[in-house]
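Structure, as structure tokens:
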């Protein structure tokens, strides 16, 4: 086992544990915090994949913005700080089964794919992923249109969110 | 202007419908606007058809102002329009009577918008029948005319309107069923519905060959009767006439005007346009039967009219009587096609169609005028109204005597021509039909005596029931009719010449 | 080196956990949390395929960025809805929100 | 102006007057009658000019004034309508113009122009008098006719019809004028339509004459189809007449000329009130008296005879037709004269005498006495108009008396209420006497003598039975005329009303005087050449002139003393006997001739009512309308209703309901409902359950696809 592998396994297991806590913990505030942990784990995974920009964005946007948003939402929608009653559906077992089957199915597909054992080639030394990404996002030849569409989507979502959540009273 | 002069007929035909569609967007409470709009719009076809009338070349054979548009290419049916002296006369009658009928219905207060729209659609339907030279399109318009009339009777009619409108619709539809089948038969046989092409091929068929497994003569006989029944119901020929008194009596005033003035002419027009040219041989064989029925219509129509106590029904039966002369002329022409006698009989028949359109419309209108004021049509309940309404009385006498066939007025010219033309062909029937002519006098005088003369029914003289004189609008409706009645009576050549030339060329 | 399959398996596991959350949590906010997990698993996949494929083709990362944007939009609208519903019905329990029947 | 143009213009002024009055001046009485009388004057002037010019033409019969225009297109040819003035037309025009003008003037006075409006007068009823305050005391004077203008409009239209009939050169426009007169007759008889009797009389007159008219129309159509023309000049050519005589008609033994002649003659029977269509004329006396004088004595009924005379060349082709004509004429002459004996109404006596005199003319025509018929036609028009106007004057005078006494139940037309009017109304008396003597054929001085004598002479020469019949009729004529004069004018007034009668205004007496001059003088133009003493003093102008109308000029008769003596005896005898019998009769009870069957006109009205009118009314209502239309035809139609409904019900009950509805319709609906009922349980509204289901399905399909593609 290489160092990489050890680090990957540790981070992956921690992340998965955090994710499980997100979906199983009774306290919704805790769930939000466990989500932060999980998201951080994913950021590390990005780093392991040499996607440094994604890792940074993961930390800044997801943890810094989205997770905070969740915490606020949780706090805004609770009558009291303690949750009562079960946090899972009565038929959560069936849900678990479905999730497990889905996982099994995914594994099956992964297992059956020929490229699964592929190894990563080294990143060329003169390749600057961040500037390539930046160019690709604003280049008319590449992804400027999806990029702009995404921005429009964001604006629309923001306006919509403000409208929906606005207290009309 | 080029557009107008190139599309005279289709403009005349479709302007009313277009206007009706435009009316859809007018506010429904602005009754005054709606009325005047409909009236003004109905003047457009009148002006156009007058213009056609003056440009028409009576001496030229065939159809004029022809227009042709593909319509149903798969079965070779096209919107083919054209007029000759016969149809032009009828077109003129239709476009003349529609504005008058609309003007006459200014007193209708309910659902004005729908009413006016129906009238305009009706005009398109009637004009289409007279103009189309394609059998399928002919049939379409034939049926299109029924629907507005049905609603006019059913929605704006008097007490027994449901029965009357139903009888009208079902009866005429029943008749046109055979017509449709016969038209389809022709279409299947010849691959075209165009009247001009059809006439040529149909009459030149070898009588010994077979069509669809039947001999040609059998096919022709079947198609002949299918046509005859459809048109006979519409005319109506005795004994298919009983829908007419009901429909006329129950219809609103303007509806009766159009019904008697134009719709009845559709049947006679069908006889002249389709049956005589398409079935000369069959027409010759069955002309005797047709003449018998026509005579029966004349005589029994007059008798039945004489028996009525309902003013409007009396006038309605008089239509049976008058249209009998048209059919009698047609029957004579069927038997002796091509002779001078036949031409005179046909001249008389066509002129009688026009004349009856004028006088019957006028009579129905006058009945409507008095009905609106008294709310009764029972002859027994009038009496001595002449001093109360002298102008109305004068107009009524004038129109009645036109309908009676007084020489000097239009009815006489046409009736004389029919009698003159038919006499050498069906002498006995002509003689018997004189009995009808005699009783025409009887029922007209009976009506006049009961309405205008006699001791005054004091009920109408004072108080809330006081009878008011005919008003300016109503006189305006009658004026063109009376002018034409007198004009044709004194100098008929302006219209008779067109008819005569057309009849000479057609048969 | 870590083989590609590991990343894929991790991603699948993360997805299934998120799916479980979406399917079973009663609290609407918690359902949205599950959705976030699932979106993250997708991003892991995208990044992994970029790294293990042609590195110079930056498309994988671009898509990941767009997923971020969509996720942000989704969360903002979703939470706004939750808050709005909470205001009206005083609950965020998904089972109680069963207007979508009949 | 060219004579032809002038002829065209003759009928127009009255027609114009009609339209002017109806449309514009009907509110102004003075203007209306000025227009009408002016129009009549213009027509009179035109007629006189034409008449004078016609006299100047050598042999007008061969070269008449004629002019025609295209009127109706008929196939390849045109029907031409036009005007024609030949000798017959010229003399007819003469008497028509005179009588029409006189009667127009008379009407002004008759309808009390210038008098105040009545107190209780109603439109459609005769005026009843107005109360005026004069010299401090009230008294009642005649009131003006409420529908004054209308009357002049109608008689204007009538004059148009009459002139049209006279100047027409063809049967069709003649028929137009004929029927227009029929209309006016109807309107004028029913002028006082408030009276039931007037109303019924109007309808009766129109319908009865119309019976004749439709036959005449048939005759015209027949003639037209055989000869191809209706123009008199073209029909009366030798070839055409020979063709007509040679073609047999559909009636056995009759040539087509005979049948056409008969059909046309039936028209004359109706119009000239000959037996058996005579019933309308006496009832027509319900109209105002000028109407009776003009329409029902002088012009319209003469129009019927005129037409028969006009068609004489055609009628004379067939001997059967001629015998029928002669029989009808002679029979009517006698038959009507007998009825006149028992009538007490002053106008009814004249009405029957008109019928009788028209019968004389028809009989003359039937025996071929063409000129005599024309002669009597003219003289009769003058003296009968005179008599009617005189009787109107009498009635007017009597009404004066009635207004004076205020007893409105006294009938001013009943001769037994009169008597002694000679002194009260001298002008009326003397003119009436002249008219009456002319009617009776008072020898030498009156026109009636000459014309009647000529008829009798012709009858004696050609047909003895007719001669005898006519002689008896002439006797009766003289008798009832004298009865009338005696009862009306002679003796003492029998009622207070008669004692207070008054002479009528100048507008009424002037026409009387003018007409009485004509009633005497017109006879002198037709004195036979061989008449003793007088013959040859005045040339027999009429015979030469009118005879010229015919292609073969009729020969003048040899003089024979028997008919002359006969006519002297019957005229003087009748007059004398009448005076003797009635000079002391004061009430109907003393009158020996008030026999039931005469008084009731041989019950013809009742018989016609039972034989024709009632059955026809019954037939029209019960048989044609109720049984045939409503019962039979509608019955069949209504069978279609239940029939189709039966089929419809059958289809519905045995096919639609069990098969279509129950099985297909309801079945599929039920299945859907059932499954929906079960499946709705799946619709919990819980989003997570939906998601699970979706996922299951997704997994299942994914798995299936995966394995299928794999394998």
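Per-chain numbering from 1; labels A, B, C and D assigned in written order.
Keep this in mind: a residue touches a chain if its C-beta (ideal position, glycine included) is under 8 Å from a C-beta of that chain, and two chains touch if they have at least 3 such contacts.
Note that this is a predicted model, so its numbers are computed, not measured.
Q: Would you say B-D or C-D is joined by more C-beta pairs in contact?
A: Counting C-beta pairs in contact, B-D comes out ahead.
Q: Which chain is most remote from chain B in terms of Cα centres?
A: So the farthest one, by centre of C-alpha atoms, is A.
Q: Where the centres are mean C-alpha positions, what is the separation of chain B from chain C, in Å?
A: From the centre of chain B to the centre of chain C is 80 Å.
Q: Distance from the CA centroid of chain A to that of chain B, rounded to the nearest Å?
A: So the centre of chain A lies 85 Å away from the centre of chain B.
Q: What's the distance between the Cα centroids of chain C and chain D, rounded to whole Å?
A: So the centre of chain C lies 110 Å away from the centre of chain D.
Q: What whole-number Å value describes the gap between the mean CA coordinates of chain B and chain D?
A: Roughly 33 Å separates the two chain centres.
Q: At which residue positions does chain A touch at least two other chains?
A: Where chain A meets two or more other chains at a single residue, that happens at 89, 91, 95, 98, 102.
Q: By residue number and range, which residues of chain B touch two or more other chains?
A: none
Q: Tell me, which residues of chain D touch at least two other chains?
A: Residue numbers touching two or more other chains: 688, 692, 695.
Q: Please list, in label order, each pair of chains that touches.
A: Pairs of chains that touch one another: A-C, A-D, B-D, C-D.
Q: Can you list the residues on chain C that touch chain D in the complex?
A: Touching chain D from chain C are residues 19, 22-24, 31, 94-95, 97-102.
Q: Give every residue of chain A touching chain D within the complex, in rising order.
A: It comes out as residues 89, 91, 94-95, 98, 101-102, 105, 108-109, 112.
Q: With touch defined as at the start, can you tell me which chain D residues reach chain A in the complex?
A: Of all residues in chain D, those touching chain A are 688-689, 692, 695-696, 699, 702-703, 706, 710.
Q: Mind listing the chain A positions that touch chain C in their complex?
A: 2, 4-5, 8-9, 12, 15-16, 19-20, 22-23, 28, 31-32, 35, 38-39, 42, 45-46, 48-51, 53-54, 57-58, 61-62, 65-66, 69-70, 73-74, 76-77, 79, 83, 86-89, 91-92, 95-96, 98-100, 102-103, 106-107, 110, 115-121, 123-124, 127, 129, 132-133, 136-137, 142-143, 146-147, 150-151, 153-154, 156-158, 160-165, 167
Q: Show which residues of chain B lie in contact with chain D when the two form their complex.
A: Residues of chain B touching chain D: 167, 171, 239, 241-242, 245, 300, 303-304, 306-308, 340-341, 343-344, 347, 384, 386-387, 390, 394, 397, 401, 406-408, 412-413, 416-417, 419-420, 423-424, 427, 430-431, 434-435, 437-439, 441-442, 445-446, 449, 452-456, 491-493, 496-497, 500-501, 504.
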